[in-house]
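Structures are listed in the sections that come next.
Next, two complexes with subunit A in common: one pairs it with subunit B, the other with subunit C.
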Partner chain A sequence: MLSLKKFGLPALFFLLLFVFVAYPTLTVIVKSYEYKGQSGFGTYLMLFTKPYFIGLIRGSVLIALGSAFCSTLLGLFLSILVFKTGLPMRKLVLFAVVLPMIIPGFVTSLSYIFLFGRNGLITFKLLNLSWEIYSWRSVLILQTLGFSTTTFFLISAVLVGVNSQTENAARNLGANEWQVLTTVTLPLVRPGLAAAFLLSFLRSMADFGTPFIVGGRFNTLATMAYTKLIGTYDTATASALSTVLMVFCLIAFWLYFRMERKSQSFRVERQLGGAGLLRLPLLHRSILVSVGVLFSVVMLGLLISVFLAAFTRHLGAGLHFTWDHFRIIPQQGWNSIINTIIFASITCLITTFFGLVIAYLVSRVRFPGGRLLDLLVTLPFAIPGTFMGIGYALAFNRPPLLLSGTWAIVVICTVFRELPLGFRSGDSILKQQERSIEQASENLGDSKTGTFFRIILPMARPALMVSAVYAYITSTKTLGALIFLITPGNKVLSVDIFEATVRGDVGNAAAFSVVLMMIAAGGVGLIALAGKRTGVASRFKLLSKLQIG
Partner chain B sequence: MMNREKIVDSKIKFIFQTTLILLISSMLSMSVMGIEPDSEKVLSMYVAYGGPDFIAREFEKETGIKVKYLTMSSGEVLARLRAEKSNPQTDIWFGGGSDAFIRAREEKLIAAYHSPNRKNVKPMFRDKEGYWTGVSIVVVGFLVNQERLKQKGLKQPENWSDLVDPSYRNEIMASNPNTSGTAYTTVSGVLQVMGSEKGWQFLDRMYENIPFLEKSGSAPGKKALAGEFAIGIAPDPHNLPLRNPGAPLVPVFPGDGVLAWPSPVAMINGAKHPNNAKLFIDWCLSPKGQVVLMKASPRVPTTDVKTLKGVPGVSDLNLVAYDHLKWGAAREKVVEKFNDRYPQY
Partner chain C sequence: MKLELKGITKKFSGKTVLKKFSISMEKAELCCLLGPSGCGKSTALKIIAGFLKQDEGEVCLNRQEISLLTPQERNVGLVFQNYALFPHLNVFDNVAYGLKRRKWRKKQILQQVEEMLDLVQLDGFERRYIHELSGGQQQRVALARSLVTSPDLLLLDEPLSNLDARLRMQMRNEIVRIQRKLGLTTIYVTHDQEEAMSIADRVVVMNNGMIEQIGSPRDIYKEPSSPFVAGFIGRINLLKIDPERDRISVLPGIPGQNRHSARGEKATCIIRPEAVELSSDPNSSLHGIIKEITFLGSVVHYHLEIPDWDQDLLAEVPALKAGYRLGQKLGIGFIPEGVRFFEQ
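Up next, the complex of A and B:
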């Protein structure tokens, strides 16, 4: 009886994770081990002998390395600008840097074409340049901009924790400001840099919207898997491509995981005095300022041009105002809008609550297989969205679990994709929690369950709000995993935008995007409110933990 | 004991017989009285056709049946139907390339339905055994953006043979035959007209001018509309200029042969709302439905209704006698050859 009570809940989570994480993953791997109806490594052999496939891997990895490097550098510059200088433009940069949170990557791609395309407002109309926008360069630029939020938060979380006394000690020993930055501050931030690099690498590998829209001829493993599945329904090749892609992602994630643990064991002390500003020389300051200004201008430009594209007739005809693109919403969009809000709300409630429950089980209630549970919950984060989508499409379109076509499969998929977020935020909440209060509750005779509901939950509420809203925002934007699961009855906005983009209806896509951004922006507003009660430092810590969406 | 068992037995027998009789009689009465809508008044469609929202609304007005639809390319529909074979998620496949419907018929993904209105459709635009029926035909031509053409100092292309001119390098946009019916018809149509060897050589030179390929057949025309490219190879080139009266866009029906294929409607095998699906097919082929379809997407109709202004009739065009049965069956081979020949896409 006691053991049932103790192990019942973990066993239930194990069962669910096996069914909805391990089973679809294995289905894809098994499918890739199939060639023309026979089992064997035929598909892989076929792939590895084709030069285009080698080029595909090289392209994907190079672009991921490039984006990871550039976005980490950009994140570092912006982070130093905001937290280490007293420059007046910090607010603007801070605003620009959270924009990618509400603008989905493929929407940025649209406005990017609008501004810098072959007939773009800036490149063609203003400067009369003709450059080939549809190439890997555009993918690199857009991913760098898009991932800068993540890198900024990860680096900032470490940077604000750097003890100003350490920096002062260096100053007292005669170091100038540049030496303080390069020999004291940056080495201390290194774990944050490495984490930012690895996460960006992972996200770039898994990103499929950006190369699809602006890549032109440039294909990645993720886009090719999509084309193979949607174009010719070649499940074996699509699965093999996705499996290769996942191997890269798992390696990057494993390195990130190790790095994170290392950076945690290397604990930075709580800030005592004010922010430790650096008085950098004029040259360095002006470099930082120009990076910050350029970044903010481009981000704001991209945001504004989404609205321009939504309210003007079409690129070729100049800028004439129209409501036309929004007409599609009452005709087909209400359904998607309602679905988006409902699905995202359900997802964020479930993931935040159960994320905390699982974190509590893993860290406070000892049971066999705790590490395995930890791994299974976190795994979906390392799995590329398209891989997970293919897995769900293949695994759940036959009995015993016939879920395809239902709204449940969409929600289940987003829940398990977002669960790592809830789990990690729960974990970090529990780590910051004072153990003695829990112990006091248990010593006074309350059970673990009672302690959870009466002590942990109320104390964690403000932090939970932040992570819930974050989960809400990321699930409104989800595309890669859902593209294979959507049927006429359960459409969501992100897929509507993608479809309109593929059809070439830029105006409709932009109109849908405006709506999606308003839904997400409402969420960001809530984060800001919730954040007021948690304080800047812990909010950054938490947000940096959550940058895995 | 024996008696009681017998009584139970005969009771079961009675219940069984009555249900059987009821079932048969209801089925008979249905076939006599025409099709009644299903109890659930909804219809789910995969659509590769322009203006689906308008069509859905008009059909609902007429019948009270609510239409839910998802738009995608015909290759995508085929992929989805295959994936959902054991548990179909949709009732109707509406629009796209006839080649994909021919494949779907072979794979038993669609079901036969002899709509009484099929007699209005010319035989070359429908399947003999009723699996699919063309609601309109799609013609392939060019959309030319005059402004961009002038800026780049280019000549107006009039024929397919003009597209291989090196001066058009990187100014032509087209779609990918892996996913687009328009692109597949272009490739196979060229092969039919020029023969295999000369056809591929021609395509080699044409694709040199096209920097990359779009997934959807309608996207290249929209890129020409947006002024991103001078020329887009597009289905129904008269369509976009009609909808965007101010745009500097001119449709070109190539003088050396216009390619065309029927755009069919079909019921899905195992549809959850079969009667609603049949009503929809009847309606599409009725004079009233044909006018609605034309208003939604100004295509050349397959029945004898008057065309809208700006829409050419079948006799106005130099149509190639495109053998859609042959090329529909050869699709996989041709696409594979395409992929091997043009690995850059």
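Up next, the complex of A and C:
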């Protein structure tokens, strides 16, 4: 018997997803099938024959591969350092690796310029060097640093699960510590490495802010799409570039998805034993420590320089403290701050709650098209932010859904971009809950809906808090999608920072960044509070599951 | 290979887990460490294997102190409770692992591994992965892996606790068969007394880090050195004898107890259920009424309520001879061999 509720709710979600995910996506793809005002593959022909565009695609892919490789390696080193050696600086490294969560990519780019740019604090003032900071090298460096949080969490989650008994078995059979690491521990971590690599590749391809700010003459598909649309309003080329970009991202995501499914059977038995320490030789330990210390120093340096840039002004020979950069806030910035907080709050509430509802529908309620819903909700993971942004800009600038220029379009776009995250966390929360508890509730007379609100939701609350705050932080950092949707009436901090940086107004950009980071740090503080109830282990596991997007 | 543990003591955060633990093992002997959870048996194994360092005492293999050797350097075969097989390697590579670490040549490895798999009856399984195997098969891979390097000593830490009852019986016979064939000195840790009794040459009964008794299964059962050992192996009726209360001081048919009651001493009395004889004899000096009957297949358990006693008596009777009914009043006698007295 299919009640209205059973049918109605999924149907509603299908409709919403179709309108706000599928429709914009199709709009972009359709737009790309246009050349100089007429239908045809002309644009694609141009993309794949003109050497400039071929070079663009190649450059994007190469940088993505490079960043993926470097950030995965870095994440691995840091994971081993923090979890497999007993060295005292673990807490420092752990702190440093969490920083990119609250410092958005475009802010680290800003710091980077402040320190190493033409007028950079270190390169110019201290060392009197002059080098070309705006190049693909800087993109590679910054992306590697920025993605390290993700790779670290993904790899750590798997690394910690390697049973120390298995490592002991290897020792018993004659393996020395290094051999234990290379023949037993690392092979078992491989799924984590592959996941980290694929996701970093995806993020790099989709990355807009960093390449745009520090890329210089190096362009990626994402940045060129922006230039074509905003600069010359060449919707066809912008759409085509975005579609090609999306194809790469989809491939990477599909590989990741497939691999996750396969690794279920490979699951290492997580039992008593936990993460065992490796007693590595001095040389190896030194290398790990060096990497850890260098990383921490760089990240802290970048963090500090944001504050330096925000609170100082360069006059003549030295730096002087000033509030000047913050003065702009009462004039222009209040709006953005309020908008950022409101939009992020709305987004996190909606995505967390409805993510759980959809997860509940998909896993507990049988209805036709369940798998399709699962797919549609997860799809925005793979769609680059710029693609969605262009899609929304093109799809909703005409009736019946004339949303462009409103705050609604900003919120809706962010909601649907974050929804996969809410769904994923809801799914993982439900998987951990005992079915028998829900069955007991129904056996005692409660309806499915009642069970959801009275049993499932309260039990899931601690974990939901974690994912809600994570969604909140991620919303504040969104740039690529919103860059096409912002109008003077509904600005947000991320775009303000971006525009100020591009203008060269480092001081103002830094001031806004400080405000943004405080908003984000407030969120992290809330996770810590909520997490006190659930305990470190589950908090950690959940964080690793959320490392997408 | 002769193994000797001399006065091993180990403490964990203030709690003494092993107290002056000493045993000496003969070559090709299968010795069981038997005891309840937390008695220190697994700790003793880990010390022998080198994963824990003892606070006091020596570990000697063939008269050589091995305490300073790392786990890698000791040639000791170890089968873990959860097998600890390598999930990313197939059966062949799992078994070959120890040989690769010893840098054997490929051909030799192939030969040796095949021999081992044959021994544990897993030939043909080389390419399978661990998750494709049943519990019993995984157990055998773990065993093969530990034996392939021809260790001086084999240690097994509750290897069968993850298997169901039937499989457990099969596998323990397998282990004994292999152990005898290879003549390997073996220490087997278990909390299952039936398991220990059925396979051990010698049993070491442990409690709270100390050895309660060492002996053959027969000796441990028939002549337990303390109420704990008696109670741990098989079932018992435990009686407190207190001459001052003059209640249970007289057990019909048992000569030994008179010593204690004559001296007016308190004692603990152990009576094996199979040593309780029931009859319809009205002239018996001790009577009881059947309160509960449990049919166990080959034997029947009768719980008897005895006037003046403050506890019930458990009697075990072969099923073919048991025909009593609930509420029936029966005469009770005892077989002396199944009764023992311990001073308090």
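Everything that follows uses one rule, which is that the second predicted complex is superposed on the first by the 536 of 549 C-alpha atoms of A that agree within 3 Å, B and C clash if a C-alpha of one lies under 4 Å from a C-alpha of the other, contacts with A are read in each partner's own complex, and residues count from 1 in each chain.
In this section, a contact is a pair of C-beta atoms (placed from the backbone, for glycine too) under 8 Å apart; a residue touches a chain by one contact, two chains touch by 3 or more.
All of these numbers come straight from a predicted model, not from anything done at the bench.
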Have a look at subunit B and subunit C on subunit A after the superposition and call it: clash or fit.
fit
Vertex subunit A; arms to subunit B and subunit C (CA centroids, nearest 10 degrees)
170
So in the superposed three-chain picture, is A:I63 touching just subunit B, just subunit C, both, or none of them (first/second/both/neither)?
neither
Could you tell me if A:I455 is touching subunit B, subunit C, both of them or neither one (first, second, both, neither)?
neither
Looking at subunit A, does subunit B or subunit C touch a larger number of its residues?
B
A:T227 contacts which: subunit B (first), subunit C (second), both, neither?
first
For A:A157, using the defined touch cut-off, is the partner it touches subunit B, subunit C, both, or neither? Pick first, second, both or neither.
neither
For A:Y134, is the partner it touches subunit B (first), subunit C (second), both, or none of the two (neither)?
first
After lining up the shared chain so the two structures overlap, which partner does A:L402 touch, if you call subunit B first and subunit C second: first, second, both or neither?
first
Once superposed, subunit B sits from subunit C at a minimum Cα distance (Å) of 48
Where on subunit A is subunit C touching in the complex?
163, 165-166, 168-176, 179, 183-184, 187-188, 190, 265-266, 268-269, 271
Quick check on the complex: what are the subunit C residues that touch subunit A?
49, 51, 70-72, 76-78, 80, 82, 84-89, 97-98, 101-102, 131, 145-146, 149
Subunit B-facing residues of subunit A, complex
50-52, 113, 117-119, 132, 134, 216-217, 227, 229-233, 313-317, 328, 331-332, 335, 393, 397-398, 402, 404-405, 486-489, 491, 499, 502-506
Partner subunit A, residues of subunit B touching it in the complex:
44-46, 52-53, 57, 68-72, 75-76, 78-79, 82-84, 86-87, 89-90, 145, 147-148, 170, 176, 178-179, 211-212, 214-216, 218-223, 225-229, 244, 246-249, 335, 343-345
